[in-house]
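Structures follow.
Okay, so chain A shows up in both of these, paired with chain B first and chain C after.
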Partner chain A sequence: MSGPELELLSGGQKRLLYGLLGLGALALGVGLATHSGGVYSGILLGFLFMLELGLGGALFLCINATANARWHTVFRRVPEGVAATLPWAALLVLLFVWAVPHIYPWAAPGFYTDPSRLVGGVLIPELKAKEGWLQPGWFSLRAVLFVAWWAGLMSLILRLQRGQGLGGANHAGAIRKLSILFCVTFAYTFSVASFDWLMSLEPRFYSTIFGVYCFAGVMQLGFAVVLLLTLFLDAKGAFKDQIREQHRHDLGKWLFAFSCFWAYIWFFQFMLIWYADLPDESRYYVRRGGLRADVMALVVLLRFCVPFFGLASQKVKKNPRILAAVALIVVAGHWLDLALMALPSQAGGMRNLYALLIPVGTGAAFVLLFFRAFAKKPALPEPDAAYAYSRRYLT
Partner chain B sequence: MSRRYVVGYFEEDGRLIRAVKELRDQGWAVADCFTPYPVPGLDEAMGLEHSYLGWVAFVAAMVGAFGMLALELFVAVYAWPVNIGGRPNASIPAFIPPFFEAGVLNCALTTVGALLAVCKLYPGREVPADLPRTTDDRFAVVLDADQAPGAADRITAALKRVGALEVTEQTPREAL
Partner chain C sequence: MQSSAASVAGAASRPVAAHGHEVDPSDLPWVEGHKTLGQVTREIADYPMGRAGMPGAWWWIGLAISATALGIGGVCILYLMFVGIGTLGLSKTIGWGFCITNFVFWVGIGHAGTLISAILYLLRQRWRTSVNRSAEAMTLIAVMCAGLFPLMHMGRPWFFFFLAPYPNTRGSLWMNFRSPLVWDMLAISTYFTVSLVFWYLGLIPDWATMRDRAHGLRKRIYGLLSFGWTGSARHWKHYELVYLILAGIATPLVLSVHSVVSGDFATSLVPGWHATIFPPYFVAGAIFSGFAMVLTLMLVARKTMHFEEYITLRHIDMMTKVMLFTSMAVGLAYLSEFYIAWYSGDRYEQQHFLNRFLGPYGWWAFIMYGCNMGIPQVLWFKAVRRNLLVVFLISLTSNLGMWFERWVIFVSSLQADFLPSSWQFYHPTLIDYGVMLGSFGLFFTMFLLFARFVPMIAIAEIKHEVAHGDPNAHHGEA
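Take a look at the complex of A and B:
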């Protein structure tokens, strides 16, 4: 290797990340050893948080490849590194599947035969149709198949991406086709996965927009994470000053746009349920405190108000410090959003330290894995023909 | 007396941007550019200041949105209160979609209107200058011919040097 190797993470940052990872592992160990009820929803959140961080990068790559976009090629190693964490997050599904009987009320034996859910000896219709679908075995198989499909397909795309431009190889067509396959199958599988993993925590609750809502969150998270890591690496000089104002502006626009999209979906799930006021639906919001809910307001503040008003001006969308601050707030907002979806129906409610510490641990694992994957390849994909365009495009 | 202008025509947007940069580097003031479509990077090359249209859009959106909210509250609470499923008369969640739509509508209409007003575009407006093919496939840069003694000839020479297809002198009906 020529020249001094770039030190991407300082010793202190590495120690901090390993410390947070250790803290998450410790919390998991203590929770499991003491049979604390809250540890299981901590496992769910830790699994989801790390998985969705990786999925955000995967979607970023696939959407751009689908559109034949080249503007992001300069920093494409960032979403590639993010997506490369997917197989590791996918491994967490084993822990999650093991915890399923402790997390989901329908997984408890006798749930579907409990007299409180029977009318005239027959299961109430709200649950009748779900009885066959929400069974631990079939549920776990689905979860494993989903994450295996996402991680497997993404690994294939990343392998092609890595060889792109080397020795005259051009895989752009194959990458694009696989990316389209990822996007289309992701829409279906992720909708079902969010119905399974989050919506079925309250088995009688149903909302058809729920999958879209979770997807909007993942998209926004993906842009925030890619933006944050790109700015961090750029400040370290990893991109040799090839990240221009134009790239920052466009990343800022993406984050701004998907903050609006998320808010749009959030509001329409809320408004329609509020309007119709059907018991099974509105119970979801009543449990979260109705209109005066402080946590719900905080989620909207972090995921919508801060990025919307913070990034409205063009000047701000080019300012790395403000962009990084907003992106960080959005990531925190995503965690809080997941917690608000998962925790109120669980043992311990919102006051659950495991639901904070375990996702912090898996989040630290995500960052460490990202830097491991990023350091493996040259930071700039110079052999790729799209690289030259990305260096100097204008909009 | 009307002003005289030197007009240089180019074949490509890239050449126009390079020409504008070069002319401004030489100290010439560029009056305006005429292109068939918006050219990214040209505003920067011309040294245009950031447009204040964004503020017009923001204020218009706020006026539209809060105007609609005021109308909704006036109608539903004061003028014609109706009991709908026992909900309070001032039901903000139901008012948000029109609040949003009116904000977008007023923002869009006002921004277009402000743009037309600033550019002095209205029905019956006469074309101030005849710049052939600039709505088709030519990119023109326009410079004041009398910005310095003997400027016309020197600008013409400079334009030819940076690759203008054609350089003409014009005296439009009004200042550009």
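Take a look at the complex of A and C:
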């Protein structure tokens, strides 16, 4: 990129981000030093929040590459920068794996031999299958493998993406093939990961749609975070006014669509469990809808009502300020949704300051890492053949 | 701002030009053969106008076969009405059999039309233009076929209006709003209405084209159908706006209808029926089977009606990719079900899946999983996607597989439920088969009538794909 280096973050913004990162680290340190029970669910949330932010960008890139889309090329460095944070989030898996015995009830020693879970000296059938599957060692290995696969494959795609168009290089075919591989493998691995990381917090709860639900959340988060960062960078002039109303409108439409998709999956999981009223399933919602109906309603408000009613109008979808506000609310809604999935079964329930401070810290780390990755490359992928299309396409 | 944008534009365009990048394939016009606009009108409108050797011998043969099937079905339905639903192979164990399977099968077929007309429109997928008209017609016909089955199954179909919520003289005898069957009725009637309006709206400019080419009584009929369309800028402006709004309204219907249909089963406690993944799983399956049926119909139509330049190999490539994607989505749902059956430790659920494979109806399951999850994997290869015979065969196996999917889910779940003493088989009767044959007869008869009297391809829309209709087609600098 020619011209002076853009000062992407102001001094105050940098200080704020480092401050939040420090706050998260401090909370983690204090929690671990005082052996506070809540710190472990804070670690889970901090890990998941940062990982899913990165995965949102990775999915954005891979889905567009799979569909041969070119509309996003102008701001493609944004999802690339988001996805570039994945290896760092992947490192957090080590902290998470270390905390597993403190987070999951089944990881506590003696869980499978507790007399309350035995009938006639034999483990109850509802836990029989899990005895071998939900074991700290094997569980941790799966977690490490999943995260390593996503981060590794994404790094490969990003490396090709970086050279795209330089010196006449055309990696579009290879990028597309790897993106398809990412999407297909992600569907399966992420389903299992969601069952592992969140569903198994309540070992007797099961819901076949749970993986799709988590996926819908990551997709919505991905569009929100790409939108938010694109608008921020555009306001700073990073894209030299190449982001047009058309791009904002299309990003807004995607966020609107995936807010609806999330709500669709949310509703059917809730409705079918409420309707059938099987004890192992409905206990999940008794804990949430029954005891924390306020938080559950807030999640729906932030993730569905605000983006649905907020973005319904075409005019609004082109307005950067409102778009950014809605996207920010959706990101906050995603954190709250994760908290509502993870915390009610944990010690201390929803009143857990660590579950707020540690994700805030990892979220700040995500933003700093994003800007670091973004500043390394020219903001506009001008050598890419798709760039010309993206700059001027109409619908 | 203008000047900086222009300088960037200039810098950006140079490498593109210097490397001599060929035109991106997706920028090529979708209609082949360098047609003029008049030629497009002629080639499409001549069929319904009866000028292009239409109806040919193949049309009469097709009509004869499908009308015979429809006739057989009609006789069976009459017999069913007079004698009662005891003529079907139902029992107190399996209270839902062929009728519900056919119902869900046909509702599912309809989904491709709505996806193509609404979602692909919103996603600006221009290839949809060659197939949207016939896919939407297929949707309407398929929903009609589907609607027959709940009616027949009522036993006293003349009381079907009891399902409508209106103040009545039957005292407190209202429908139960908590019954998924009532949601079904509401979802499907909404779906039919919106699909019909959407389809008809798209037809208005084409009726006007036909009117302008016809004489006498035909001209009057087409004139009435076109609502006095003149093609003025104002008409087009309103048309485009309404079309976009209807596409937006129809989009949630793609998800809602089959989600509600899946609720008929998922709300219950029957092992194999109660799974929270059913709504998206059914929607993916519906789109899969719908695209399979679109391909079955279009591959025949393009050959017999000489539409090879309108429905090209690229179109077929796109449709097979949608099939591959939805097949993978359905496969993920299948595997999630197995996983949770194992993980949950629910003995009834586990017993059900063992019975599904190893029980007396095991071969059904192999057809279901093989045709829906296995065979479509060959579509990963471009050579396969462009081999019309293979694609046609896959479209048939996919339809077969999706029929069996419903059959397996509905019947094998009921066949062996909680109480071993009531386990029973389902033996379809001739009436079962006859009614099913009748629904296929109705479907193909209606589709043939559609091909005979209505322009198969949206004339006004396809003209955008011929030459200069696309605003993104030119890459020269402004």
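Keep this in mind: the second predicted complex is superposed on the first by the 390 of 395 C-alpha atoms of A that agree within 3 Å, B and C clash if a C-alpha of one lies under 4 Å from a C-alpha of the other, contacts with A are read in each partner's own complex, and residues count from 1 in each chain.
FYI, a residue touches a chain if its C-beta (ideal position, glycine included) is under 8 Å from a C-beta of that chain, and two chains touch if they have at least 3 such contacts.
What you are looking at is a predicted structure, and each value in this text was computed from that prediction instead of being measured.
Once the two complexes are overlaid through chain A, chain B and chain C clash, as defined at the top of the document. Of the two partner chains, chain C is the only one that A:L380 touches; chain B does not reach it. Shared-chain residue A:Y188: touches chain C; no touch with chain B. Set against each other, chain B and chain C differ in how many residues of chain A they touch, and the higher count belongs to C. By the document's definition of touching, of the two partners only chain C reaches A:A129; chain B does not. When the shared chain is aligned, chain B and chain C each come close enough to touch A:L394. Within the superposed arrangement, the part of chain C that overlaps chain B, taken from 117-125, 225-233 or 315-323, is 225-233.
Contacts of chain A with chain B, set against its contacts with chain C after fitting on chain A, overlap at residues 271, 275, 394-395. Those residues of chain C that touch chain A in the shared complex are 1, 4-5, 8-9, 11-13, 15-16, 19, 21, 24, 26, 122, 124, 252, 255, 259, 263, 266-269, 274-280, 328, 332-333, 335-337, 339-340, 342-347, 471-472, 475, 478. Those residues of chain A that touch chain B in the shared complex are 267, 270-271, 274-275, 277, 291, 312-314, 394-395.
Chain B contributes residues 40-41, 50, 54, 58, 85, 93-94, 96-97 to its touches with chain A in the complex. Those residues of chain A that touch chain C in the complex are listed here as 68, 70, 124-130, 133, 165, 168, 184, 187-188, 191-192, 195, 206-212, 240-242, 253, 260, 264-265, 268-269, 271-273, 275-276, 278, 280-281, 380, 382-383, 385-389, 391-395.
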